[in-house]
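Pasting in a structure now, in structure tokens, and then I'll have a few things to ask.
The chains carry the letters A, B, C and D, assigned in the order they are written, with residues numbered from 1 in each.
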């Protein structure tokens, strides 16, 4: 079965999407000439720069999160493909304000290699680059192999916190410290109900039986921990919460941020019903929710399914997470 | 084909959804005891009350838009079914602060009758009720029969503006004046790509051929203006823009707000590509965009498709539209 | 076959009506899927489940009270257009039964007729617009006309007229309710609310036959 | 069949390679759909379309320049893991050709071998992890071993080894790249990047045969 979408030439989706995104930002971001990257138009002098990026097709991740108190720029790859070193390099040059750059992106072989090449090029130019890879997906590998974990919806909280730190802290070492603390405190897991597709091929990235779901499915349709029968929402929520809670682990008395993310085509009704259950579970364990966000943050095209993210907070992380922002994909009064 | 969703007993979707929604509001709204309605916990004394509502299943419309500078409460029906007079009446009583109530909802036979019955009950109690019906869907009927037009995604801007007016203006006549002006200035049209379904029946609400779309489809799958072949995004955008622009009509020199709304399962990529084209069309006609919102505001369960809303603004409408807010489904710094 | 129903019998009749509507949930949903939003069946089920709950374990003092309480239950639990119009039929129609201890064919005709008028007023619609009125109006008329023939005969005639009215909705263009925007495309399909009217009167007739 | 390829011939060969990769877009996509995200075909097509664009209307001064520019084009347009590793193969492998006016079997073997080493370093992977290295490493070794037999024979041996390596990836468990999390489920499927290596070397061999 091929996907049905309203598009122009599918080879141009990324460039047309960037054009539409820049217009939707009403002047707060601009596209770099000839490069698939966007940067803030109001970058303060001397700030530690934050560059994010990755493959397109996961909107609003990443390029929807550029703005004050969030990222300074985003390098945009083609759909599900890491941006080339050239794009990362040009975007980095455009956001650099003389005080070093933090690279923040999901932990995938393609992103790691392309950002690393750019980072080597920038270091040749004498620019200080620090790399933070989001590795929140507990389904990808056991805790002993954190490096094998992918970055998923935790991207949002990471961008929010590191964006705040890179705005308020002037020393890149300090920004990096906050980023590493945040990265160590965040855990996610998702469940897929139906597949997404890449516009240019039109092909669904995986197949699931009519009554099957996949727990732990990755953000590009990578296999998860188990393929199982469709189950009641409460059972699925219990299973996901269990995987998260024992991973960090989270304890009674912890304060957390809770993110329930729509992978694309799931109804808000399903997510709110799951939210209800997750809140019950957290209350039972005496874990208090400092803030919650239920919405569409990291998508996999029209994939149906959702993910749950828990982040353990301290006063510093709370402060940066709660700073106001007004990016295209995430707004906080 | 039946829909595939992660739910508990489908008969309980609305009550479980409300529970999840209240929790996701982190204390800013509460549910009425025994009634499917939610109201703000921080209602200022003496304010003109704004009550919204309608069938569930369109989240975040309506109940996601309760909060400061937006609605004071929402009456929630079952999926795609107007709330009963009892629910509307109880919700109205709960939000009333002695200064009258504005009812704001979409123009559907079911909503009209149920809200009218409640309004008669409230008038028997001596409460001043004003009724505003959103009728923005140009596809439903020609301009001569405005009363036959349905309310669709324009609900968001209407709630935003009337919510602002009901906060800042103390005279219900004045709030009503602003509401009627806003209602007369807003136009929407949508396109459906694939159907949604009601959880309790599991049945898709309509059928479309593999390469068919329906222009003008209503928010419950009501038929639109034409069923046609899947076409390039630019052609679809041209067709929708044309239907909107000649309806009010909009003229060169106008300032507008532009809303592109995801009906459920459409990718952000598609919407940004459409946004790009709509902005080109508006620029060509010398219509300037005061603000734009591209996101998920009125859904029809997992329906794929999107709608475009244009609202002609003056200084007063701009003022109320731009007031900050922090509701579950719409946040504005 | 009785010609008079007291409060208890009216309650039993409304319970039979409720079970019949509930048993036809899928047919009502399918009718609404064709020209509406596909929720008429589950809406009517919610409403008549509430009627059942109201009437069980309750000693009604009068036929009027049974119909009024049924109308309240429908109005408060059905939701949508159907909740308002069907709730109104029973709630407002019940006034025609004020003061009577038993329902006979004549008062049942009055009930249907007054209920129909109230529903038309509530929704601002008239027969011919492809709604439940297209089954209810002829049914009420037939019930009144055949009142002299006794309760069962009156309800049997009412049912035949309702079914005839239902069939006529097939050829109509909807100009109210969710089917309105279908325009010409609504032709060929029956109106779901009119089907509900047929089911309700059918169950009343069958009850009258076996009582 | 020539045994030496000058800059122009290397450019012609790389254009043939590009056309061959592009012609196999769907096969590469399908391979990636099975164990990855389904974009390997379109990614390689983007990269090698850029190579074609770079090489047409350009007079290369050396074989090294052809390979380096090809690597730059792949690296800048492919994206994803493939952009980095295939770009690295050509860009870093080109250094093995520094100062040579023509490529022969020995220098081509050096090119493949150095490119392979650089790609392994870039990705932190080694043969056995179900990547393009599993086709490239044996291909480079075979090319070097058969260098004395001439360019065509060396490439033919390299191709046979690459295909053999590709087949062996079927039995491997992926421990890097997007297929990694499939774990045991990746068994039974070939690695898409290894298939790309086979196609590239196949086109080089066919070019050498007909030149």
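Just so it is clear, a residue touches a chain if its C-beta (ideal position, glycine included) is under 8 Å from a C-beta of that chain, and two chains touch if they have at least 3 such contacts.
Every value quoted in this text rests on a predicted model; they were computed, and no experiment measured them.
J.: How many steps does it take, at the fewest, to get from chain B to chain C if each step moves to a chain that touches the one before?
T.: 1
J.: Quick one: which chains contact chain C and chain D both?
T.: Touching chain C and chain D alike: no chains returned.
J.: Return the distance between the CA-based centres of chain B and chain D, expressed in whole Å.
T.: For chain B versus chain D, the centre distance works out to 54 Å.
J.: Per the centroid of Cα atoms for each chain, what is the distance between chain A and chain D, given in Å?
T.: Distance between chain centres: 32 Å.
J.: Using the average of all C-alpha atoms in each chain as its centre, how far is it in Å between chain A and chain B?
T.: 29
J.: List, in ascending order, every residue of chain A touching at least 2 other chains.
T.: If we look for residues of chain A contacting two or more partner chains, we find none.
J.: Provide the list of chain C residues touching at least two other chains, using ranges where the numbers run on.
T.: Chain C, residues with two or more chain partners: not present.
J.: Building nodes from the protein chains and edges from chain pairs that touch, which of line, ring, star, complete or other describes the result?
T.: line
J.: What are the touching chain pairs in this one?
T.: By the stated definition, chains touch in these pairs: A-B, A-D, B-C.
J.: Would you pull the chain A residues touching chain B in the complex into a rising list?
T.: Its residues touching chain B are 4-9, 13, 16-17, 19-21, 23-24, 26, 56-57, 59-60, 64, 191, 193-194, 199, 210-211, 213, 230-234, 236, 264-276, 279, 289, 291-292, 294-296, 299, 301-302, 304, 306, 324-326, 328, 331-333.
J.: Quick check on the complex: what are the chain D residues that touch chain A?
T.: Touch list, chain D to chain A: 29, 33, 36-39, 41-43, 46, 75-85, 87, 122-123, 176-183, 185.
J.: In the complex, go through chain B and note every residue touching chain C.
T.: It comes out as residues 55, 77-86, 108-110, 113-114, 116-117, 139-141, 148, 150, 198, 200-201, 203, 205-206, 218, 220-224.
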